[in-house]
Amino acid sequence: MVALSFLSRGPDAAVAGDRAPRARATLAALSVFVAGVSLLSLGVGAAGVSLSDVAWKLASGEALSLRERVVIFDIRLPRLLTGLLVGASLAVSGAVMQGLFRNPLADPGIVGVGAGAGLGAVLAIVLGGMLPAALLGVAGMHLVPLAAFLGGWVTTLVLYRVSTRRGRTSVATMLLAGIALGALAGALTGILVYIADDQQLRDLTFWGLGSLAGASWAKLAAAAPIMGLALVGAPVLARALNGLALGEGAAAHMGIPVQRMKNMAILTVAAATGAAVAVSGGIGFIGIVVPHLLRLAIGPDHRFVLPAAALLGAGLLLLADMIARLVIAPAELPIGIVTAVLGGPVFLWILLRRRGIVDM
Amino acid sequence: MLEALNIDAALGGKPVLQNASLRAQAGQLTVIVGPNGSGKTTLLRAITGDLAHSGTVRLNAQDTRKLPAWALAELRAVLPQASQLAFPFTVHEVVRFGLVGATALRADAAQLPGRALERVGLAGYGGRYFQELSGGEQARAQLARVLLQVWQPVVDGVPRWLFLDEPVAALDIGHQLQVMALAREFARAGGGVVAVMHDLNLTAMFADQITLMLDGQVLAQGSVHDVLTDAHLSRAYGCALRVSALPRAQQVFILPQATEIA
Amino acid sequence: MIRAALATLMLITPAAAQDRVVVIGGGLAEIVYALGQDHRLVGRDTTASFPPAVNDLPDVGYMRALSPEGLLQLDPDLILASEGAGPLETIQIMQAADVPFVQITEAPSVDAVMERVEMVAQHLHAQDAGAALVADLRAAFATLAHQTAQVTVPQRAMFVLSAQGGRINAAGRDTGASAMIELAGAVNAFDDFAGYRLLTDESIAAAAPDVIVMMDRDGDHALSDAEIASHPALGLTPAAQNGQIIRMNGIYLLGFGPRTAQAAHDLHKAIYPSLAHQGG
């Protein structure tokens, strides 16, 4: 919650509206925050293995116990990396989508992209076995994230086509189309759940709980390339999203290849959301709250909002995961519940405070 | 040199431009005038590539359709008629979007947005939210952004261009004169300016060349004295208009003639 | 210090005497208690709720969403789990941590109950207690079979899993509920599909069950007699008309553990009140 301390300030008159220095300072602070939360996340857990003990043993060359090795390297480390990637992906895909739709309410979770990605994942789990064995062998672990990405991509594409006429996006159409697409994806998912056999139902249950508990090196290896590619590609979009804030025509005259950038933005949203959904199920509010807080803190310039969203999203998701792991240990809360409990009120508070700025 | 040749365009199946051609020289302020619905903004939008059209548009002898977006942005900037903005950017941040290409790499790039704001009379406005400005202030802030994009009117001997769609529509008379003077200054420094205007008297004061449109076609093209005649204007605007000469300068002004007097 | 001492202790203790056992699955927990081995338990999952003492143990969460670190926190040396436990990642991590993770069949049949008892007994090195329990269970099931043999006209029974929003979810073939209905000497009114399924009103009317069996539960999954009577399809069944509605504790009815013979006997008595009196 580093960014919160900036919320009350408007643009600084002394630097005449240039919020870049503040944004750079915030990026630095967020980096420290993420590093701190990461260490904390490695060190904290139900099993009571202490990071300092492990670090001391590693440094002094003393052998780790099997328990320590498993807890740190097989449980907490893949979980940490998954949390970082998923949090960053959710926040960045929210920011990109809001920039693309020119609206702070566009969030992959709200407008059905998450549901579309979920449908893709469920399709892969239930019908994946019908694929020819050769293809299945190639796709393997990547099938579910890949299918989630495709599901998210198709949904985003349809959503954009439906709600954008002549370069202007109708927010009402977007939200309504998002509800319709989400319901459609949910219904198709329901049909698939109905025809799923017992083993598939179990896979679906694990997957749908919205948790990082299933994090493993194998899953990470399958989804990390897609999320990584989206995160690396996102900064390229920054100037285009800034330009789009002035409208497509103005963006084009600023030298932005608008159509190509829009396609790339849609792919980025789909890849980041899809892979995140495939790994961790539905985790809400990161995609809408994080960019929102950042726009209040450092302004809407996407050159800063995108990297800051990656950092804040990653850090907040790790915090939420720690809460999920610890409150009812040895059992775990689904992390989606934690983000909703924390994110919902924050979002309402933002809406109340800045009603003028969030005009539709 | 801007050459827009044989431009045809349609909106919703209805032809709005028929074989319209326009030539403009760098170093001059070229103004497109005409009554409502004559196609003057449409012609500008065709020239800037905002509207599908047939015919060719050549800027500095290069077909604009064959230039990539970034190259075109280095060559010309376009001021839209209406401005929209999606997020709460400050004025400074909006103007800064005009830092494109080589200009962004200049050593004094950080100072340029402030200087562009000074030029349009918005010094000290950088820290305000763009969305909280008045309509006229927003228009001038957008002009500052566009101006920044082609900050040097001539680069390596190649002129750069400003396309302005009704740049003074929302402004009071003082700022109208300020903005028109700015456009003329850009032209005097070697750049090219093409502006769509409503106000015939401002046009008469500042234009080097005028294109008069009527019903999607070019009715007259040439110098102020060639185009702004009683006959042309009365035909184009469908009412009696008299062009008079100012006594001292060689300028003209236009007065509407009430029917009973005419 | 204490941890170190414990670790040393564990090293020298023979593998035969695991005394930090986590049990995943309500039926398995019952078996552990029935074998008298409950003093060795250190944890259980959410589905384990009988006998009541099991609730005092730490809960590691839902059996299908086990947290690896939560399990390791309990420092188990054996995890006895139903087949459905998971996820796979957690099982793999337990194996990496050298914690035996034993999966035991959860099939809903009499044979599987015996097999479960024998497997749990074997893994807890309590084979004698296991053999005694199996013998008891065999005797109980034999009595039950003797009882149900008296049934001449089998009743058609329907098991309602839930009735959320008036939509009836009922048990078909190959379910624990179906197996219990058969053990009790009745037949499942819905044997044309496998698993649990939402039913249309027409299919309920067509099946015309003589008896409705439900779990006694609260909330919007529950159905009161009045709701059954007013339900467009259930209300028309012979079961509702004759008031043949039976409610039993869920884990007792469907647990397929040591109490299953008793549960089937109770169900049999409820379905055939007059027969039960004759048989004693």
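A few remarks follow.
The letters A, B and C name the chains in turn, as written, and every chain counts its residues from 1.
The rule we apply is simple: a residue touches a chain if its C-beta (ideal position, glycine included) is under 8 Å from a C-beta of that chain, and two chains touch if they have at least 3 such contacts.
Bear in mind that the values here come from a model prediction, so they are computed numbers and not experimental data.
Listing every chain that touches subunit A and subunit C alike gives an empty result.
Farthest from subunit C, judged by the mean position of CA atoms in each chain, is B.
Centroids built from CA atoms put subunit C at 39 Å from subunit A. Our note on geometry: subunit B versus subunit C, Cα centroid distance of 81 Å, whole angstroms.
Centre-to-centre, using mean CA coordinates, subunit A is 44 Å away from subunit B. The residues of subunit B lying in touch with subunit A in their complex are 48-50, 68-74, 76-78, 80, 83-94, 96-98, 100-101, 113-114, 124, 126-129, 131, 149. Those residues of subunit C lying in contact with subunit A across their complex are 7, 43, 46, 58-62, 64-74, 84, 86-90, 92-93, 96-98, 195. Those residues of subunit A lying in contact with subunit B across their complex are 10-13, 15-19, 99, 102-104, 242-247, 249-250, 252-258, 295, 299-301, 357. Subunit A meets subunit C in the complex at residues 45-48, 65-67, 70-71, 74-76, 198, 202, 205-206, 209, 211, 213-216, 219, 325, 328-332, 334.
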